[in-house]
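To start, I am sharing the structure in question, which I have written as structure tokens.
For reference, chains read A, B and C in written order, and residue numbers begin at 1 within each chain.
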Amino acid sequence: GYGRTGVIYYEDGLQNEVVEGGILRSGSDSQVISRLRMNIDAATSTDQGVDFGARFRIQWDQNGDNSGELNAGKLYVTSSGLTVEVGNVDTALDSAGLIYGSELGSYDRSVGGNALGSFFAYESEAYEDDDRLGVAATYAVENLEVRFSYVDPDQTGLNEDFIPDDPFSGDDEEFNAKEEFSFSVDYTWNERLELSGGFALNGAGIDDHDVYFVGARYAVMENARIGLNWIDNGDAGSLTGISSDPTNPNVIEDFGNTVTLYGDYTLADGLTNIEAYIANNSGDWTQKETDNSFGIGVNYDLGGARLGASLQRDYQERVTADMGVRFDF
Amino acid sequence: GYGRTGVIYYEDGLQNEVVEGGILRSGSDSQVISRLRMNIDAATSTDQGVDFGARFRIQWDQNGDNSGELNAGKLYVTSSGLTVEVGNVDTALDSAGLIYGSELGSYDRSVGGNALGSFFAYESEAYEDDDRLGVAATYAVENLEVRFSYVDPDQTGLNEDFIPDDPFSGDDEEFNAKEEFSFSVDYTWNERLELSGGFALNGAGIDDHDVYFVGARYAVMENARIGLNWIDNGDAGSLTGISSDPTNPNVIEDFGNTVTLYGDYTLADGLTNIEAYIANNSGDWTQKETDNSFGIGVNYDLGGARLGASLQRDYQERVTADMGVRFDF
Amino acid sequence: GYGRTGVIYYEDGLQNEVVEGGILRSGSDSQVISRLRMNIDAATSTDQGVDFGARFRIQWDQNGDNSGELNAGKLYVTSSGLTVEVGNVDTALDSAGLIYGSELGSYDRSVGGNALGSFFAYESEAYEDDDRLGVAATYAVENLEVRFSYVDPDQTGLNEDFIPDDPFSGDDEEFNAKEEFSFSVDYTWNERLELSGGFALNGAGIDDHDVYFVGARYAVMENARIGLNWIDNGDAGSLTGISSDPTNPNVIEDFGNTVTLYGDYTLADGLTNIEAYIANNSGDWTQKETDNSFGIGVNYDLGGARLGASLQRDYQERVTADMGVRFDF
């Protein structure tokens, strides 16, 4: 697991907005945001060399949880490069090697470059529905890794007819009942070129909402890399940096596609890494002010921990910045 | 702890029945059912050689919990074969060596052979009442083990007058306020004959509800054992395989006695274990179709994990089957 | 962490009082009270010798929790005697070396000598408010330790205007929105004289409620110590031993100051420690019967565990006693 703490700034007090009696109240622009994550792993091996294992996670998010929280369990079996997981699985699209490639700083945030379209992932919080079922398989050999995952939000079949909220209204879906199928593949060529792609059908359990991703990253020098990501965000998702302002309610017409150019450069000290991205999104929603989002960040390696910072602008032309420390254990 | 996963089939969608507007809806007959259990133990020894220890358990049950859950703590002290526990204790009857002897497969299920009458056990979930108190003592010497336990569902004494729901109506008791006393003893003779017996008075805290058990198992060959269990189920409990069908509501006249004949046989490979039981119950309830329940199962030892399966028929003549894998760590 | 169990007696069934329909019902005077606490620590060191670490705690309190509960996380960094914590921090006043010096027995209880005024501490239970922020710093060098802490009950700033309940009414404050500043210092002189002091401003987040503490303890012999504590309890807090009796409701005029004289003496066996205190409180509340509280206790060291007992009288002239065992791991 890891611990991280520091300060996140978001313009217009967007980290905590409350509408009371039709009037918008915003929290402080800058807040201390920490996370503590511990994975509890257990494993055993059979006489035939097959490994069985399992994981729980305890996670606490400042401003989100009032205590550490356990999640649903994951069970897996591994043999000869093939891993099969059951339960709270790592989904295929979420595990694609480059899909989070444009993230910056110690908080690993990318308000413009990450997918806006939603899909299932390994769930650090409690399930919304007890009856969720996940199954995943990963095959890894040399430079190639192929993943498949299946998540049924309710395996009892009792909720198949549920109609989710209209994704275009921006309301949260209370429950999504379709089965998500997800696939991804990573390939590294000659230790310099990384290729990554995948998709999620019925993403996050929402009927006919599909997310597609293709990405590549090339090491132009020993200490510099450039990457390009393309994401089709599908019909449902969540946006970063939207205000709850009742006088300017946000209506989503289209999540569009996101194209992100990003790169990083390590200084001669071998410890300081500069990183940046510029992202273009073709979607359309009420509060959108620009099609271009960008950010720049830096990480300094302490050897066991790292200091990091980033400065970013989102699609509503709001500025966010963060600075903090992260240590892994 | 351990992890286990696989598929459980229950006829008529009995794993998830919902009555909505007077109409019965049943979930899928076959579902993936997993459990992940981790025990968190801590212990210390005094200079006099007395061991003090404690345990929490984290458990996640698919289709039952939306996240891993902690239980109430157990504290114990051990010296010279005598163990005294306080808190969330292992109760005497639940710990009797043969009471679960007829369980089959990787899920260790016995829909006909296990006790129908209820009694307290070590609680893997949260207590229903904060004020529950348990105390238990175990004395083990060579081939003999004697256990006593006491559970007060509410040690404040404020709820002694509470009247539980009529056990014959089949409704769940919301709160049971009497003190349960439980006792059990195990004895092994000549490494071939196992004897086991016990009882729980005011079982599960229900006034005048007593459960009695006697069992024996004999190794007829090196690789074959036969056992016989007798259980007086008392006045309160829970039945397996009952439908919530509003047109055929289940009324319990009598939980009766259960007599179970069971055995297991290990094949010449030393890894495959065949097991079976046949159980007869003298009780009477509306949905009961037969006095005889039976099942057959198999386990294959992977050395550190095991594959297992079972096929069983319950007292409502419903068929259930399971197949899965379990690994201990 | 540690485990402890035993029996606590409180006159008039004060451990569980319920008012039902205007009538007071009291629980048993003597109850088995146990606690199981496990700390989950993780840490790492950077190449420069800076230590980063983090902690969760799992705690179960009999009669208080129906299962073990996780708390909010603490993150810290340590280097050259300076420790900085973020999250669920150890606050300065709560960490003052002698503030709990008069506690007795295996339960470490002091109904008269501990502070009545409230202030923040490391929180073993879940936060009341997700948005709580704590920051603390400790500097330790040879015989000196200096601590500072800051706790903002709601760092969003959205609840600054909240008016807490009148502290004089004895009602619980539902939410306290001010920022607490706390400071403390410990100094040991010549290995015989311990000095300790500190304060908390806006204690527990309550506006203008300040708690001050000064204490000293002197080793008059190799095996005997005498201490004196002075606490200004401020305007808000909680009292021990108050009855919920609706015919004698408790109204608090003044928490007053508490002066406590305490000491302990180790017998020649080196294992048995006798301890006692006498405390005088100048406050005024309806149920108060005396300005003097006192207690005597004993601990017997088992080497890895300890047996302990105490007998105390509170400011309502109610007697409480406890006897139990505690083991650390």
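Basically, contacts are C-beta pairs under 8 Å (C-beta built on N, C-alpha and C of every residue); 3 or more make two chains touch, one makes a residue touch a chain.
Note that the structure is predicted; figures quoted are calculated from it, not measured.
Participant: Classify the chain contact graph as line, ring, star, complete or other.
Facilitator: Its topology is that of a complete graph.
Participant: In degrees and to the nearest 5, what turn takes the CA positions of chain A onto those of chain B?
Facilitator: 120
Participant: Compare the two sides of the chain B and chain C interface and say whether they are made mostly of the same residue numbers, over half shared, or of different ones.
Facilitator: Counting shared over all numbers used gives less than one half: different.
Participant: What whole-Å value do you get for the distance between chain B and chain C if each is reduced to the mean of its CA atoms?
Facilitator: Spacing between the chain centres: roughly 42 Å.
Participant: Give me the residue numbers in chain C that touch at least two other chains, ranges are fine.
Facilitator: Where chain C meets two or more other chains at a single residue, that happens at 69-70.
Participant: Mind pulling up the chain C residues that touch chain B in the complex?
Facilitator: Those residues of chain C that touch chain B are 1, 3-5, 15-16, 18, 25, 27-28, 31-32, 34-36, 38, 58, 60, 62-70, 302-305, 325, 327-329.
Participant: Where on chain A does chain B make contact in their complex?
Facilitator: The touching residues are 40, 42-48, 50, 52-54, 56, 69-75, 77, 86-87, 125-133, 135, 155-158.
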